[in-house]
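To keep things simple, chains are lettered A, B, C and D as they appear, and every chain counts its residues starting from 1.
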Amino acid sequence: MRATLQRITAEFLGTAFLLAAVVGSGIMGVSLSGGNVAIALMANAIATGAALTVLIVTFGPISGAHFNPVVTIVDAVQGGIRWKLVPAYVVAQCAGALVGVWSAHLMFGQAVWQTSVHIRSGPGQWFSEFVATLGLLVAIWGCSRSRPDAVPWAVGLYITAAYWFTASTSFANPAVTLARCFTSTFAGIRPADAPGFVAAQFAGALAAATLFRWLKWPAARSAF
Amino acid sequence: MRATLQRITAEFLGTAFLLAAVVGSGIMGVSLSGGNVAIALMANAIATGAALTVLIVTFGPISGAHFNPVVTIVDAVQGGIRWKLVPAYVVAQCAGALVGVWSAHLMFGQAVWQTSVHIRSGPGQWFSEFVATLGLLVAIWGCSRSRPDAVPWAVGLYITAAYWFTASTSFANPAVTLARCFTSTFAGIRPADAPGFVAAQFAGALAAATLFRWLKWPAARSAF
Amino acid sequence: MRATLQRITAEFLGTAFLLAAVVGSGIMGVSLSGGNVAIALMANAIATGAALTVLIVTFGPISGAHFNPVVTIVDAVQGGIRWKLVPAYVVAQCAGALVGVWSAHLMFGQAVWQTSVHIRSGPGQWFSEFVATLGLLVAIWGCSRSRPDAVPWAVGLYITAAYWFTASTSFANPAVTLARCFTSTFAGIRPADAPGFVAAQFAGALAAATLFRWLKWPAARSAF
Amino acid sequence: MRATLQRITAEFLGTAFLLAAVVGSGIMGVSLSGGNVAIALMANAIATGAALTVLIVTFGPISGAHFNPVVTIVDAVQGGIRWKLVPAYVVAQCAGALVGVWSAHLMFGQAVWQTSVHIRSGPGQWFSEFVATLGLLVAIWGCSRSRPDAVPWAVGLYITAAYWFTASTSFANPAVTLARCFTSTFAGIRPADAPGFVAAQFAGALAAATLFRWLKWPAARSAF
């Protein structure tokens, strides 16, 4: 029981820091880059990827460092985490994500309560989220089996890259999507557009799970 | 047989994600950087290098993560992969590369079918591809023998650097060259210029193979 | 006794190089970026994070590479470093930090003695320092127990990210705060604002220590 | 004898690629960054650091990957490399450096033979080279003793940082200094200014050797 509380706290804290990094670096990037959005996105991508690596390496030994409901749910489907822990994980992730967004607002002296009007919709955006989530989960599960030590570094690099190579800047996470509805800054998403993102993320996760089952990564560290 | 299908699928998927990263980050970089091409190329270089590291660490245990016909062919010459697998690898790499380019177009809401008019020709470009491929293959083979765990990180860093230090931005890969004929975005190459690039890449691979045979990397991990 | 002198020298040198990196890269960034502050901060963040990783990996085996009074003090509270070493560590860190700032001024041909007029105050700044120090110490202690080899890389990435996601650019270190009072360049802080920063840093450290005690990181390397 | 030839070839090739990276990425950075020198220097710093890591990890097992006469000479002083190898190493490094510069010129379609008029002189520049070389050698030797596997990554990160935090952009290498006299591009140095740089580098190396002897890094991997 105690251990469970600690795992859930780790998920809460990790997701809170992740969102503080996403939203905070977006605010800082936009405010300093003089209108050059590419420079703002570079700051956002590097800060998010770096923070994510640190959070996974730090909280991984306690909770597995999911910070992401699709990771938790598909992990349960595959016999990893026990099903009865799933609701607590998901609630902790969503609550942490919201606290992270609000912390970023406080740090930058903004109103805590905000809602986004940033339109992110259409087939290109949905396909982007499908691709982003598919790639993220294949990388996580493939590395977890074959080279578990590399997971934190691979996930951070993946997100830094996916900010740039997907049209949606790669949310790839329903808790992140929910929380980013509540910021009207650079990283925001209009609440009405969130369901499309989440649906695309679950579709990507399903594709990843199918692929993962079929490709059968070798469990031991193989030379290559 | 089953195992072979999985290796070929891994080559297909990895090369598809690689090209989605190359082309997608090029599109995003150009669209946001307000005409400053250096910022677009920085996004392109960081996203490609980061994605490549993740793809090698993820798919390496299954297929070796070649994603590149010259790597596959010279590996066969040196007694690595069996010759009868080579055609399937090369076809999977080329098909995956095309699917990756088209996926990037779909994510960014562009026409799927495009051909490039980006001129990349002349002795400086060819010498660049020679140097880029020579360096890439020496790094891959040297690390593979002496420090195999470092290969994914070394290759990603190499490509990030080579985007900048070669005049051609370092294609160094015939499947990549072929696929980039079919995008009229930042990363494209005019089809008429592809044969020159591919010829230079094979010349670089030949030089690398000669050098590698003569330098004889120590097989065990040596202290230095 | 000899060993103690060496540890203190390592703290002095490491903190000196850290501040030279912070202040020097700030000067260079501002002087070259043509008024785009985001580009200057990117240079500052990447140079500081990279230098910090190198300094920890280099001096860690000698002194533990604290470079930071709150790390040293809370380490003593938790039974790590002996209390009688603490004053010497803190003095060495503060003296090293000042020498580092003055070295940066010398390298860039500026007056050695400067004081800052850069205002950094208000609740957002203080909350930022609280969050920055909390995250830094949780990352250091969590990694130190579960994956000690990852500490240098995690700390460097954390600081690179925290430059961007906190409104204060993440000082998170009283010796750094003190020394940055004595530069009127990009990285400076008005002496009158230093106490607020230091208080927030100790509050963050206290929160981190409480959290760390309760979360109980597993001591061995766990698979995840 | 054969082994010696291979070591010397590795020094030649590694230094050639290093200079191609330094000079080539400088040319590319300047040509694309539209007059924003900070963006050009960022490209230069990231490309050089990334290339250096790859070159050390690749050629380290063969020659030790010095690529730098002060590293070779002080290594001989400390009983590492045999003295009779030193002249060949230094000649290979200087020759490789020149070939690297000329290769960059060829790749970018420039005249092969150039000399620099870029003024780099004065106490701030000399002190910068002193600091840059001191830090580089302490990092190399400290890591080599305590965590040899980390050397390639630490050196690459150090150089990326030192490009920004020293006023001279951190040459820290007499072979590099010599070769950069022969390019009139971004990375060049006026031949008349080279002796001042080289003298400062040897002074930094002397300081590093004294420090290293006194600090006595632990030879085994220590927990911290």
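Please note the rule applied: a contact is a pair of C-beta atoms (placed from the backbone, for glycine too) under 8 Å apart; a residue touches a chain by one contact, two chains touch by 3 or more.
On a predicted model such as this, the values are computed, not experimentally measured, just so you know.
Farthest chain from chain D, judged by C-alpha centroids: A.
Look at the contact of chain C with chain D and you find different residues on each copy: under half of the numbers used there are shared. Rounded to a multiple of 5, the C-alpha superposition of chain B onto chain D involves a rotation of 90 degrees.
Averaging C-alpha coordinates per chain places the centre of chain A 27 Å away from that of chain C. Between chain A and chain D the centroid-to-centroid distance comes to 39 Å (mean Cα coordinates, whole Å).
Shared interface positions of chain D, defined as residues touching 2 or more other chains, are 36, 39, 42, 46, 153.
Chain pairs that touch one another are A-B, A-C, B-D, C-D.
Residues 6, 9-10, 13, 17, 20-25, 28-29, 32-34, 36, 39-40, 42-44, 46-48, 50-51, 53-54, 57-62, 64-65, 103-104, 106-109, 144, 148, 151-153, 156 of chain C are the ones touching chain D in the complex. The touching residues of chain C, when paired with chain A in their complex, are 35-39, 41-42, 45-46, 49, 122-124, 127-128, 131, 135, 138-139, 142-143, 146-147, 150, 154, 157-158, 160-168, 211, 214-218, 221-224.
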